[in-house]
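Shared between the two complexes below is chain A, which pairs with chain B and chain C, respectively.
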Partner chain A sequence: MSLDLSGRQYAHVDYDEKERLFDEVKGDLRYDEYLYGCYECGICVAACPSARFYDFSPRKIAQTMAREDVDLFYTLLNDSVWDCSQCFSCDVCPRKNSPGGLITLMREVAVKNGLASAQEALEGYGRVVYKIMATGTQVSPDMLQANAFPDWGPHVKDIAKNLEYWRKALPPESMNTTETSWQVDDKTIIELYLIWHMTGVMDMIKEVDEGLFMILQDVMEEKLEDAGYDVSFD
Partner chain B sequence: MSEQPVLVIGGGPAGIEAARGIADVGYNAILVEKRNVLGGTPELANYAALTPDFRDAGEAMAEMAATVTNNPNVDLRLGSTVTATTGSSGNFEVTIKNSKGSEKVSVGSVVIATGFQHFDPGRETQQYGYYEYDDVITLVDLEKMLKAKKVVKPSNGEPPKRLCFIQCVGSRDRQIGNEYCSKVCCGVAAKESIEVRQLVPDCKVFIFYIDMRMYGYWENEIYWPSQEKYKVNYIKGIATEIIKKGDRLLVRGEDTTMGRPMEVPMDIVVLSVGMEPSAGTREMAAIFEVKLNKYNFIETTGGALNTVGTSVEGVFACGATTGPADLEDSISSASAAAMKAITVVRKSAMAG
Partner chain C sequence: MIPHSALFNKPKDRTFTPDPSQAPTEDYHDILDQLEKEGEWEVHRVPEPYIEVKNKFGRTKKVPVEQTWHHKSCGQCGHIPGYSTSVFWLNRKLGLDYNDPTDQTSCTAWNYYASATSNAPAQAAVAMRNFAAAHETGYFPIIHCATSFGHYKEVRQQLIHSPELRSQVRKILKKLGKKLIMPEEVVHYSEWVHVMRDRIAEHQVIPMDHIAATIHPACHYHKLVGEDAIYAPEVYGNQRSAIITSTLQSLGVDVRDYSTWFDCCGFGFRHILVSRDFSRSFAVQRKIEVMKEEADPDILITHDTGCVTTLDQSQFAAKAHDKNVGLPVMSDSQIAALAMGAHPYKVLQLHWHSTDSKPFLEKLGIDHEKAWAEFEQVVDEIKAGERQSVTWEEVDV
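Here is the complex of A and B:
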């Protein structure tokens, strides 16, 4: 992520607003299972892969929530929570806290409330989110484009040329597709769309990426209507 | 030769328990207490609830006192002190003095249970302004407020919005000379923090510590509940000074685990004062010529396997007379001392 010096991080936010977000995290049903009290012992940091590479500390997350430090919570909500890979190695906690779980809750609150930091952090994932929400599979052969993932190397260009042939070389029929990882049947897709809708995922997408939301809305509405569901995303 | 009585000095929990134990097995105890009431420091210092079980301290001490009051095997001497002794194990002659005069009695063995006193935070370094600021108090002062069910700022009588404990005041400190851990202050602070949160629910409570020593079941009995249920903030870092700011106190220190300095306003600062040997402990050590340790507690000489024997044969010490001890430790060592004291009188009776 590039260094953002736009001043956003330093914009004044009222304490009441920070507290509202804090209370939203604390109010989640899962909260009491994710945080008991923090020894501040650091076992979670020692177990955390992200802590090796970033200025990131799951201890600080648990500690901040346990101490009810609303200001620091707000800082972490806009920054550290996106450094976590959600691997839950931190669940080794002797008090049975789950700093990773707390981060899940914090991310959800950040997204639901459309925080600019959340939008920025998730920007690069639009393509993947679109793919998985629209098709039910995450990575598809047609994502193999030279400009898409530079870290896949220069040979991607050659592979991308004859995707259909490459895919036909795969024995299972369900894999002979280029737009998805495998063929997803309509029943599955309809159920997925309903899940995205009913669990509030669409609402979260709307907060974090309006454009993506509109594209998904188009794709989903048509299929759902054909299947006989009357779903309005408004 | 018939069995001599055992002299028990000190009518606090340890002394009462030792005398009761001696009486229960059919031996005689002379229980000497300087004050006119039994119950020792818990009674004297107005303890509200005991650590860790929150039992009413007054009720518990009354229950203990009843076991040695009007007990045919306990010769209870209130308002009395031991002023001199001669003889040796199995055959001491001690002088007991009260307002009416002095009396010499023969005893076979002695249990010293004269206990501790709370560290005076105004002594030595004066680090936290105990005698300077009304709102800087001790665990003992707070205990008194808790007993009255009214926790307020001493300076203006208003309920506190922010209250903190500072641990290890007068303990673990080379500057002061008390290098030992006083064992109970962590538990007592955690207990009191819960009581403050119960009495003043909108008061934020902090505990500044070096390390919390919540051994055994204190962990889940008081430490975890205070943090998890009562949301007491434990911050590793000891305040370096307290300064006055307006009508509040400013506590300066380091929030070590967060890696940042801190300056936080407080309405009440509670100093978690530790234990020092009581005047009575030092006096009895001199009279019975038992060795004191470096910190002026009576030294036990039997190592880990004999926690009550002293440098003088036939003289035993128990409870906080030998070093910091909680109530559980005191009661246990009192029983051990009673057992050994009885052994002495029994053996000398058999020999005689």
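Here is the complex of A and C:
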């Protein structure tokens, strides 16, 4: 799909609102390390995998931020940043920019502000977020189901069918698990929940996926209470 | 003036010699020490014995031999479990002391790079909690996943440059009863394989001199905070990261070059889970087909969770479109273990891979039918309740 850079699709959004989000990206402590101006040379584009398959350009990201083009920033924030592969091949930049890093910051702001485009980009992703936030390991053996990965081949069906036994047949005892990739101590999980609590990550989840927030809140608050912590994510 | 030698030396014969005094960055070792002196954190020193190698800018990096705390990878342990099993098997086979912790979480960076549902303090706190947990055991962290490796280097950079972030994370850790501990080096497991390659080759029982391979280096290993990556004059004249290639060369494998070596694998973090058409197309068109056409390898070896996953699992659907695919994919730990006689299914766990590695095993003279029957026997015994698991002793051939 081609990227409409005219800005017409966001003409109805107040300039002040666009600028507020722009300033939020600029205000991140990492921003000054990710952008030093832009030569507009396109070296990052040559290295970028997403640029080969989408109407997407890390140069446009760096250039737009360096020129402080608030309208174009808003278009890219909604219609471009989720195409990035976050590989950081663009760190090859001779100006020492990290367009991929700028994109991380832009995505964070999109999530934190509950932008509809961010919600759409994260549709179908809730299960992964649940896994990492609630269990301590991001992907797990029981995610390998034929209906989730039909394009990976028939072995996925075999894995799902034999999962419990094949996991027991792994010599490292820590990996005889199916719901997490390895066994994570209860104490470790509690520490992880406390980190989420102290850093406001749950507020971000609430903005993009209220349902997921409520499930996570139940799981975490109960476990924290059992461990003697009186913590609320509200 | 252009020196005469430049006209006669072929590019592949040229060696670049990095001069640390000309490095474009400050030496992170000095900054870590300085911040330790100022009481900002404690530096977790690499335990002896260690092996010294050179990083991208010619600075010295220490890689521990043993007493390693294995920061496992969720994608490896969950979906390609023979990857991590092989790392542990190598340690055991070489008689080295290691720790496989359960007081460890994922780095959470896969989710972060995919969904951005986190922030800098949370990411740094997760990293530093794991580092503190390692320090408490007395073992030194060694990172299995290249994304965790890259991400932890980013976190180190951010903590170095932001007193505000340091103080925020220090406070969080204090509430968890932990100190702020920064490892002297962020070490990737494939760097350990690299420094152990001669010892691995001494124990080699499966000759590999007739094998040709291509390699794929992980973006988050050598591009994201690229300074820490290991370079060596004997591998592409110090111009590309040395890991994997060095290991394969020690095993006698012919490592062949191809024109999209620098390209990413197409993993994309969110793409591999919810937009796989991109990952598949990129992996097949920019990597697998190019390798097959230009280098005709028997095997593709890489050193990261996302890269093994994408390059391996993307080939099945491409076959239906008559693409030039069918290249088995393994990690460097798996091929090193195989060379030392590890079981292809009980240790390498190749049945979790998508691509067919049987022709490769046959080329190595390994009876895969017998090996599979042995594995199935064990699984049948587990199913029948005759045994609970497979012990290390059984696979320590």
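The rule is simple: the second predicted complex is superposed on the first by the 220 of 234 C-alpha atoms of A that agree within 3 Å, B and C clash if a C-alpha of one lies under 4 Å from a C-alpha of the other, contacts with A are read in each partner's own complex, and residues count from 1 in each chain.
In this text, a residue touches a chain if its C-beta (ideal position, glycine included) is under 8 Å from a C-beta of that chain, and two chains touch if they have at least 3 such contacts.
What you see is a predicted model, and the numbers here were worked out from it, not measured in a lab.
After superposition onto chain A, partners chain B and chain C are found to sit side by side with no clash. Of the two partner chains placed by the overlay, only chain C lies in contact with A:Phe149; chain B stays clear of it. One of chain B and chain C touches more residues of chain A, and that partner is C.
By the document's definition of touching, of the two partners only chain B reaches A:Tyr36; chain C does not. Once the two complexes are overlaid on the shared chain, A:Lys187 sits against chain C while remaining clear of chain B. By the document's definition of touching, of the two partners only chain B reaches A:Glu68; chain C does not.
In the superposition on chain A, A:Val139 contacts chain C only, with no contact to chain B. Vectors from the Cα centre of chain A to those of chain B and chain C enclose 90° in the overlay, to the nearest 10.
Of the two partner chains, neither chain B nor chain C is touched by A:Lys223. The minimum CA-CA separation between chain B and chain C in the overlaid arrangement is 16 Å, rounded to the whole angstrom. Looking at the complex, you find that chain A touches chain C at residues 28-30, 33, 47, 49-50, 52-54, 82, 85-89, 91-92, 104, 107-108, 110-111, 118, 121-125, 128-129, 132, 136-141, 143-144, 149, 151-153, 155, 158-159, 162, 165-176, 180-185, 187-189, 191-192, 194-196, 198-201, 204-205, 208. Within the complex formed with chain B, the chain A residues making contact are 36-38, 40, 59-60, 63, 66-68, 72, 95. Per the touch definition, chain B reaches chain A in the complex via residues 224, 227-228, 231, 233-236, 257-258.
Within the complex, the chain C residues that touch chain A are 72-79, 81, 84-85, 88-89, 100-106, 108, 110-122, 125-126, 129, 133, 150, 157-158, 161-162, 164-165, 172, 175-176, 219-220, 223-224, 226, 262-264, 266-271, 273-274, 276, 278, 280-282, 286, 313, 316-317, 346-347, 349, 351-354, 375, 378-379, 382-383, 388-392, 394-395.
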